[in-house]
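First subunit A sits with subunit B, and in the next complex the same chain sits with subunit C.
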Partner chain A sequence: MTAQAEPTGSPDPGAERAAKIAEFQRRDKWRRRLPLLPALLFIIVVTQIPFIFNIWYSLQDWRIVPPRGPDFVGLENYTEGYTNQFFLQSVGISITMTTAAVLLSLLVGTALALLLDRQFLGRGIARTLLITPFLIMPVVAGLLWKNQIFSSTFGVLNAIIEAFGLDAIPFVERYPFWAIVTVLVWQWSPFMMLIILAGLQGQPTDILEAARVDRASSRGIFTQITLPMLRPYMELGIVLGAIYLLQVFDHIEVMTGGGPGSTNVPYFVYQRSIGGGWDFGQAAAYSTIVVIASIIIATFALRVLSSLFQRQEPV
Partner chain B sequence: MTLTARDKQLRGQSRWGTAALGLVTWLVAALFFFPVFWMVLNSFKTELVANTKPVLLFEPTLDRWEAAIDSIPGLLSFSEAFFNSFLIVIVSTVLVLVLAIPAAYALSIYPIKAWRDALFFFISTKFLPIVAAILPLWIMAKELGLLNTHLVLIILYTAMNLPLAVWMLRSFFGEVPRELIEAAQMDGTGLYGQIKDVMLPIVAPGVAATALLCFIFAWNEFFLAVQLNPVEGSTVPVWVSTNVTTRGNFMAKLSAASTLAVLPVVIAGWIAQKKMIRGLSMGAVK
Partner chain C sequence: MWSRDKLTKAGVGAMATALVASTVFAGAAVAQDKSINVAIVGNPQMEDIASLTPSLFTEETGIAVNYVFLEEQTLREIVTRDVGAGGQQFDVVMIGMFEAPQFGRNGWLVDLNQYAGGDADYNVDDIIPAVKNGLSWDGGLYAAPFYAESSFVMYRKDVLEDAGVAMPDAPTWDEVAEIARTIDTDEMAGICLRGKPGWGDLGAIFTTVANTFGATYWEAGENDTIGAAQIDQPEFKEALQFYVDLINDVGENDASNASYNECTNQMLDSKVAMWVDATVAASNLEADDSPIKGKLGYALSPTKVTDASGWLWAWALAVPENAPDKDTAWEYVKWATGPEYLATAGDILPGGWATVPPGTRQSLYENPSYQEAAAAFAQKTLDAMLAAPIDNPGVQPRPGLPGVQFVGVPQFQDMGTRCTEQFSAAIAGNISVDDALSACQAIASEFEGESW
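Moving on, here comes the complex of A and B:
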């Protein structure tokens, strides 16, 4: 790409062209940076300024109900914050819920993609049916599963269980954590399936054919060729899934309202602030802790991403 | 690529094996779709039928659909919610593209030196839990007089989808053959012309896939809508949740409302599914 400018007057048209392009690009340096600025400024204003305010709030004793403050109290909210048992519980729920939902979705999604990646009658319709859960509004998904599938009186699942002569199980009440994870996996497996399917369809057919000519076994082809090739797609699925599933709120709100065993960090912070606690100072401190923890998690996740980026450098 | 019978044999796929796996796929697909099917089915029941033990056979009625669409004075109505949602979602998606396309260009074609840092910064904002920012957002919106407006949701949905859009579009732009861009530069085409005439036609499927994902996430967003714009100016997810009542039976009406609420995104997703897969394979991991 770098244009070594030949001595001036060189008749070589290739070098002249390269020099011209290099000149164009130098002149364009700022015009190249400029397109990035609107998006960058927008995202800084909308996401970083609230965060700075948040740090300021977290140093105050500030309650709305009953009204008190704001008075500057320094780090008091923090020392109280990270020892709070309910907060620590919500951290545990967040980690286990995200891990379980992401890994199960990836597993199910990969299986679905492998099933779809072959010729059979009505394949397009099957794929259409399979992606539908991903398109469903989370609020609707939560309400639907709670009232019409899991419910011990009206739920389809319990009707089936009772048909076998067993007792109905109040799933959401008894297993709130797994009830929510089930709905999350139902919604996110199709997304993972799309990503893996994209990977499978990008498989170079000549390599597969060569392997087949060499009479490699199906399992051999899968573990030696397909799986390594799918790896970057799986990593992408894990990172994207984690980004969205760490933030889960809607399902919890409509299914359990943050009952025991299902309050993740976002829901906990919500409960402490505008969701009924109205303790702004304390809630802001929790938020700040969460943001710092998120940055630590993000650094790990981004390292995975960066290995993704390194596979193909833009020139 | 057509496989001969011998190829299939080498691959370990008998005709019966293929048929059996196809059948399994169909069963799994039906299982995944069943909750949605059940919701649609329930929307045609009366409340009396819907709120008993589940039944498959019943006399269908449109009564609860009418009830869901009927507006009650003082409450968010179906038509208002749909109008608000379409307005907010479309404007924010357009805004995302307007901001993300030039940014993606600056990060891919002739990337600025710190393109990796810039990209990481965009993505890292997605790791900040929105719930953790809701308090300052709520206070700021209140101070600026933006509570209960369309604008506050347009701004936040744009910020919510922008990182994903920049990331996806950056990889799509990387697919544009360099020679084409250089040729355009030789012809003296400016930046705007390069993006519009040379690159956009090539990355169009990627832009469509990106826009669709933004549309899905914005249309389905509930938390910000219910916190910052909960009353008459609000969106479809908030409208759905108002169909849950503590008094009386609501299952059939809620099913009708839910079906209406998911319809635009489901139809868009069904139409664009191939484009989405192609979009993801084209660039998302590169």
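Moving on, here comes the complex of A and C:
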């Protein structure tokens, strides 16, 4: 009921009061929103305006080597783009690389978290050391693994292999995909470990105690109680990990510099633009395709996840 | 409304800020009136001049020089971005024979003739003509050569002698491969060949092989266009298969990651016995502090069906058209590429006279100190540069400006880098030679019919 809906002109004290409350609530809402506006404006300026420019560029034929354009070409960049075999290859690499790295680091991270959840001497030190890989800059991590662990000339791994009388294996060159995944897993396991550890330490002790009183086996406690409770944490780890790992660039740049088996979508777009292709129109079109695909996938994933979260709550 | 130009500049500026963090400040202790930023490739001769700049240049002129050392591939990206998209990060940039005429044609670089032409001290006529031509376009000189090179075979005389084989002065690839297979041992590989992706890395040496096997990337199209891609031809397959087999049988370790610097180190460490690469490498192998000084022999670049296959290249200093202070920039270029540096550096450099930047000026080859120190390779370098088939590198016409180890069209760097990624993967054994070839054919076909 609102003041405008009142048919007669005579002042009704109840309606007047309702109108005042509505007015107050409206103002109150704006008073709360106002401080957020600069942040919103900032987000729009740094993400949405560049994106509109990106769409505009993607409709142009624009190169600097050899200098050409910009000329408006409509959707030509898109029709050429999504059939390009190298773009499709990079999409495949992005998907498999992200999946492999996220799942493996979740596995390793969970194992480490379970170990760290026990009481032992020096737990704090062990935890700090285990977190360290996550704090190392990606470029440093890539170079470190490439030159000091994988390299067949200076690498520790190959020194060990050679000590057993076997031939050195140039890991990065021979297995570029798995070399990069290994480093990603090394860097991201601590992240997963932290999330899972938070889940483990948030377990209500009374339920575990009750289970023990009921003589449930350790394995039973783990599979029946701990794992289901960790599920939302794992899902969170997967979503956050996937968001970051889809954007991997640094490791690829310093370890392989691209190539079949290691060029993912971000690296491919870099190569088409400032990384040697100088074809800004085409690169912008690829970026737009990726953004649209990401939005579709992210919407889908978030919907699945939020429903999962809700299902977890009654437990 | 922001102009596109301004946006590009803002982007380049942001990248430039990141670069400044890695800048090496030379001559910080000297009183400075002005300073310039110079982007150069991190090869030994460039590191030498950077270490001598404070004492020889800044002290004399009061101009401080901030060097940014970059890998070849990174340098190309950054320089193209800087001069092509209108950034103002660098006063002087190092570019090669591939870029100089093209960038000059695009109007991105200052024509150095306006400074060098009337300057008797600089003596522009002293520059070796083939090098000067390679850096010119339409009568303008767009970069001043810092060092120039061809490619040739460098081999350990002692190792070949022990194995009872001899290297001809002008060998064929079949002869070189046979010698490499004979001298290869577990401790010392038979040959070092580049395998690192990049048109200036693996691309440079492999293109000379492809040329002399009768292969080419593209046909010449009509009216200055790029013709049909030719990577699916049998000659190309023969060349790549030969190269991959030779490296895998008797090549260096980690071949798909090796380029000029890696091979230099493996030669110095006696891990490889032979190397086909840039003539400038001899300066380091014969330096006073080299453990293999005096043990090396040199022969012309190996051939197959053509008469000569050596490349022609120069690393040269150029001044971007949008550089803020062109006169100061030229003062530096004049010093770094002039006769005076060549005449004084030899006595100061730790590696001695042999390590002076070679291949750019006649006067260096007439200098008695250089003649003595570089006796082993000076004449061979000049011979190789004169033999380089700059105007007709293969058996068929190809598009673009002249070039041996590259096709003189701007599209080549993109095609070359992506194709060499495939070739490098074939060397590593990730993909087959046939897969590498068909991928490269698809890449090269993207450029068919484009004008250059």
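Everything below uses one rule, namely that the second predicted complex is superposed on the first by the 277 of 315 C-alpha atoms of A that agree within 3 Å, B and C clash if a C-alpha of one lies under 4 Å from a C-alpha of the other, contacts with A are read in each partner's own complex, and residues count from 1 in each chain.
By definition in this document, a contact is a pair of C-beta atoms (placed from the backbone, for glycine too) under 8 Å apart; a residue touches a chain by one contact, two chains touch by 3 or more.
Note that this is a predicted model, so its numbers are computed, not measured.
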First (subunit B), second (subunit C), both or neither touched by A:Q148: first
First, second, both or neither for A:Y78, with subunit B first and subunit C second: neither
More subunit A residues in contact - subunit B or subunit C: B
Touched partner set for A:G277, first subunit B, second subunit C, both or neither: second
Contacts of A:L121 with subunit B and subunit C, given as first, second, both or neither: first
Which superposed partner A:I297 touches (first subunit B, second subunit C, both, neither): first
Touched partner set for A:T47, first subunit B, second subunit C, both or neither: first
Contacts of A:E173 with subunit B and subunit C, given as first, second, both or neither: second
Subunit A positions touched by subunit B in one structure and by subunit C in the second: 53, 153, 274
Complex contacts: residues of subunit B adjacent to subunit A: 1, 7, 10-13, 18-19, 21-22, 24-26, 28-30, 32-36, 38-39, 42, 50-54, 99-100, 102-103, 105-112, 115-116, 118-140, 155-156, 158-159, 162-163, 166, 174, 178, 182, 185-186, 191, 216, 219-220, 222-223, 227, 236-237, 240-241, 244, 251, 254-255, 258, 261-262, 265-266, 268-270, 273, 276-278, 280-281, 284-286
Subunit C-facing residues of subunit A, complex: 53, 64-67, 70, 85-86, 151-153, 168, 170, 172-176, 257-261, 263, 271, 274-279
Subunit A - residues contacting subunit B, complex: 17, 20-21, 24-25, 28, 31-36, 38-40, 42-43, 46-51, 53-54, 57, 112, 115-116, 118-123, 125-141, 143-145, 147-149, 153-156, 159, 186, 189-190, 194-195, 197-199, 201-202, 205, 209, 212-213, 215, 217-218, 232-233, 235-236, 243, 246-247, 249-250, 253-254, 265-267, 269-270, 273-274, 280, 283-284, 286-288, 290-291, 294-295, 297-298, 301-302, 305-306, 308-309, 311-312, 314-315
Touch list for subunit C against partner subunit A, complex: 4, 7, 73, 76-77, 80-81, 84-85, 102, 106, 197-198, 253-257, 409-411, 413-414, 417-418, 421-422, 424-425, 427-431, 435, 439, 442-443, 450-452
